[in-house]
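What follows is chain A paired twice: with chain B in the first complex and chain C in the second.
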Partner chain A sequence: MSYVTIDQVTKGYDNQVVLNNISLTLKKGEFATLLGQSGCGKSTLLRSIAGLEDVDVGSILIDGIDITNLSPRQREVGMVFQSYALFPNMNVYDNIAYGLKMKKVKDINARVKKMIEMVDLIGKEASYPHQLSGGQQQRVALARALVMEPKVLLLDEPLSALDAKIRKNLQKELKRIQKELDITTIFVTHDQEEAMTMSDRIFVMNKGIVVQSGSPSEIYTTPVNTFVAKFIGNYNVCSIEVFHKLVRNSELKGKEVAIRPEVLQLVSTDEDTSDLQDNWRIEGFIKDVSMTGNVLRYEVETVESAFHVDYLHHRGKMFEQGAHVQIIVPKNECIIL
Partner chain B sequence: MKSSMTFHKVIIGLLVIYLIIPLIGTLLFSIAGKWDHTILPENYTMKWYMELFQDERFYDAFKRTLFLIMMTVGLSVVIMLPTIFIISVYFSKWERLLQATAMLPYGIPPIVGAVGLIKLYSDGPIQIAGTPWILVGAYFITILPFMYQGIRNSLRTLNAVQLVDAAELLGATKFQAFRTVVFPNIISGILVSTLLSVALLFSEFAMANLLVGGRFETLQIYMADKLNSSGHLTSAIVITYYSMILLLTGTVLKLTFKKDKGPIMSNKKRILSIFKKQYRQKNTALEGEN
Partner chain C sequence: MRKIKKQKIYLLALLLPFILFVIGFEIGPLVAMIKNSLYADDGITFSIDQYLTIFKSKFYLQAVKNSFIIAIFSAVVSVIVAVIVAYSFTKFSQKIQNRLLMIANMTSNFEGIPLSFSYIILLGNNGLFTLLFGKIGWDLFADFNLYSWTGLILVYVYFQIPLAVMLIYPSYQGVKKQWKEASSLLGGSKFSFWLRIGIPVLLPSIVGTFSILFANAMGAYATAYALVGSNYNLLSLQIASLVASDVTLKPQLGSALGVLLASTMIGAMWFNERMMRRIRRDLR
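Right after this comes the complex of A and B.
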């Protein structure tokens, strides 16, 4: 039984379609991520769910109730904005209590205190937003949304303005709180890694449509098209003709071949690889080596195309720039697009 | 580093001297007895002030000016604040139109405007030419640029659109969002616009003289009249209303900053910080988590 249903939602601005007939469903308690590049429509979809944007066509249902034409205050959704949108004239306590006061709830003090405890902001109740760090401000924004016990929590790139370390901490905390409260959450981000880390389900969006949905593992290992392959996993994508030439074999059929950089292996050209069964070999040379902390990324130039090969950065053998190598391509790791 | 600071101080010092000398001159002239061929007055007297404060006309003119200013500025705040808020937040496409309208007073010379207004309001359904009400209308337009820019800039700095969105999602109506979130945060902007407008209208002469003249004698018209009889007395008037404006501004600022020791206090700090280089180090946001 779906808890959130987006049914054929279309929205445009000035003759430009931003959301193109989008349909998706979420289960209760699910952590879903709308992932895509800037301008793909993910934030517009989120704002449409919040009621901050009207949809041209289609309907939005939460818990079986059609909320398409309800005002934001009637929708029972909570939202955390990218820029936090904390009220500068109110301290932490008043910011969190704001929604409860508006709804004239009785046990405001107890609920606010519980929430302050949950987001680990005890002692900061009297501080004003400008006296808090970015991470603390984000927690206030989260508490302010959660204290209302919304049916759905909407997060619009809430961590993008934070530095890497705080972002990682908050990712964990956000996930913990979401699980603890079992709250259905829709998270918007353009960061693939963040989406993979946090989500139960990812909806990859491009040009106003959902191009693929599935668990992080499904999305990563079985991309449905070139866009997803390149956007999600830095896949090596080359046309089938080029691939046939490189491996001197034409048994694969399709348009393009996608291969993850971490499944490829590099061996020296003089090394005997005849024992490596079920692999193809492509010859090339190391054009560039870059390091992203724990990963070494080789850019290998072949006669037709360049390939990225990722290795864990350990003390093993490293290839120098300019070295001639063979790329070992496992046949079962080649994804036909 | 030290020499560049000295350079800045010298420049600011020169600017202060440039701005303050005419005021000191006026003050001295207002209390000067005989002042013909010496750098400073030969003797001092308070008789110009005594004469001024014993003149009923001065009090009447002052009251009229105050009435006009309060009416105009009050009306402007009541009308322009919701207008600018609604257009900025909900009808941003119309913002250019409002901006162009707000800039109109700069494009129309006071004489042209006054003649047009007299002609327009001499007959027809609204015959207010020669009454203070035509002056209220004209002043409303005169202060429009100040009110518009001040309020709009405050709304932009605040990111009012997103704050209203957030408040609405938390269950507030549009009016509640404005009253509880937007308004308290733009008070300083409104205050600055209001004070600028008050200062401008206190010294406005052209419109007052052309539209109502002696029929509704304002402070400026009274002063122009006194200029013919005594320069000393005129100086006393100028010093009196400068003191009044200073007192008014100081009181309003003090009351506003005293009322809320939260973020508005920090605004005050921010304003002062322009002159304090170390501000950033002192007020850096708390870093790290807890």
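Right after this comes the complex of A and C.
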């Protein structure tokens, strides 16, 4: 059933454990993302799958074959590096054809042409890497890996060096190509938004461990712990004692309460909210208002802790800095961790 | 705007000593040499006799040829050795790399008369090793004559290698680890990586180094003079004897040979560049 299996893989450098007993499986054609902060071991895991690093313990299987001890050349995986790693002395065509030449296959020309078409680089065949833009170089790197028809495609933060707009475009394109070829893909990023938009499945990593895996919406709506909650959804997280005090009620049990910023509502203190049945109310004042594109983010200071409240930005009334407000907290949106 | 202009003037002013130096000590002598080479022996009549003399003289053509061959040969050998040696340097830890570079740096400055004498003492007719091996009974050096073509090449190669290593070593930093990784993931062997990516990437610096080594060997004088005196017909030795000897002082002819020497070097550099552009088409 599973196409890629990573079974209890452990790896360390010197005396620091970088991958701590990691196990995960992927289905064929799945687009999986390794998501986590810098230094959590994403690249190391990817490089271990590619065979560029040896693992200390555990095994890696692709399509039922144990590849743990195979060399990179024998693994039939493709990889795109963050820095592209295009061969500077070869033009676009030769970069893409390199792997096929190494394998001595027959219809090199046809396959390279097809690939160039797929990544939308027609007309650039004779250009050298230094004559291409970052986005174009990225496409070449992608084509160079894909033309080999690898069993698994590994992408190590392939878009992180590009500016926001090109990045959005390439995300879509990458997804399209991946669907078209139905290729099993492992994508590494530390950008949660990118992970959300692209993946079928996300593996959230922290300090060499996979802390949660699931579909983007699963991960977003039901984080398993504080780390995931904070990292994925910018959740407001506060301890249960603080929460009890704020809402003057100790109905909820658990250790911590996590609430997404966009489910909260603000009303002014003089407004009557007694008819709101399934909500808690927390009093506070607006400490700061910031805008991130179409989202208006309020930072509301309460007696115990600060809350973020997100609103879609539209004309209409907006709370001023310093205004006293009530935060309306829907009971069913409170996640107990 | 004005500020920028002012700054530029200051910068130019700072550059002035350098420009004067280049004109006075590089371009000046060159022009003088070319001018000198266009006079007859009397130093007054304008003529191209000197060049005719050279091209008619088997002796001088032989000198050009000898110098050319020894320069090419020692440069080729040194570059090949240096490419391998510099690569092996990169495999050591940074600390050891620094030490090795220091040694290369020191030995690359070991040339000229001291080097020749060291060789004479070690491998000359009555050299330490020659005698030692003779006593032991190894006839390894029986056919070896330091004061010959082979000896000369040996000494040239000796002082060229460390220089070549020093020049080529930094360019290995330009060969990215990820190219190797990408190549291996695409099914390339180590050999095909070096053949198709590594060496081509190093090529500009290999070629540049080759040009420097070639010029270095063409112009080397003291080493050769100390070792073979004027027994061996080399261009640099001939020039020296024409401009500085007591018997046959012919500065005009010497200048013409000098111009020839310079042209060979420039020609070699030009040829190298051309060849490199053919392989590295990405370079403009």
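The definition used in the following text is that the second predicted complex is superposed on the first by the 337 of 337 C-alpha atoms of A that agree within 3 Å, B and C clash if a C-alpha of one lies under 4 Å from a C-alpha of the other, contacts with A are read in each partner's own complex, and residues count from 1 in each chain.
Assume contacts are C-beta pairs under 8 Å (C-beta built on N, C-alpha and C of every residue); 3 or more make two chains touch, one makes a residue touch a chain.
It should be emphasised that the depicted structure is a prediction, and the values quoted were computed from it without experimental measurement.
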Give one word, clash or fit, describing how chain B and chain C relate on chain A after superposing.
-> clash
Between chain B (first) and chain C (second), which does A:120 come into contact with in this model arrangement: first, second, both, or neither?
-> first
Please indicate which partner A:136 is in contact with in the superposed arrangement: first for chain B, second for chain C, both, or neither.
-> first
Check whether A:184 is in contact with chain B, with chain C, with both or with neither, and answer first, second, both or neither.
-> neither
State whether A:128 touches chain B only (first), chain C only (second), both chains, or neither.
-> both
Check the residue A:206 against both partner chains and state whether it touches chain B (first), chain C (second), both, or neither.
-> neither
Have a look at where A:68 lands relative to chain B and chain C in the superposition and call it first, second, both or neither.
-> neither
What residues on chain A does chain C touch that chain B touches too?
-> 50-52, 71-73, 75, 77-79, 81, 83, 85, 87-91, 98-99, 102-103, 128-130, 144-145, 148
Over in the complex, which chain B residues touch chain A? Could you list them?
-> 158-159, 162-163, 165-173, 176, 180-181, 184-185, 260, 262-264, 266, 285-290
The residues of chain A that touch chain C in their complex are 50-52, 71-73, 75, 77-79, 81, 83, 85, 87-91, 98-99, 102-103, 128-130, 144-145, 148
The residues of chain A that touch chain B in their complex are 50-52, 71-73, 75, 77-79, 81, 83, 85, 87-91, 98-99, 102-103, 120, 123-124, 128-133, 135-136, 144-145, 148, 166, 169
Counting only contacts in the complex, chain C reaches chain A at residues 176, 178-179, 181-189, 192, 196-197, 200-201, 280-282
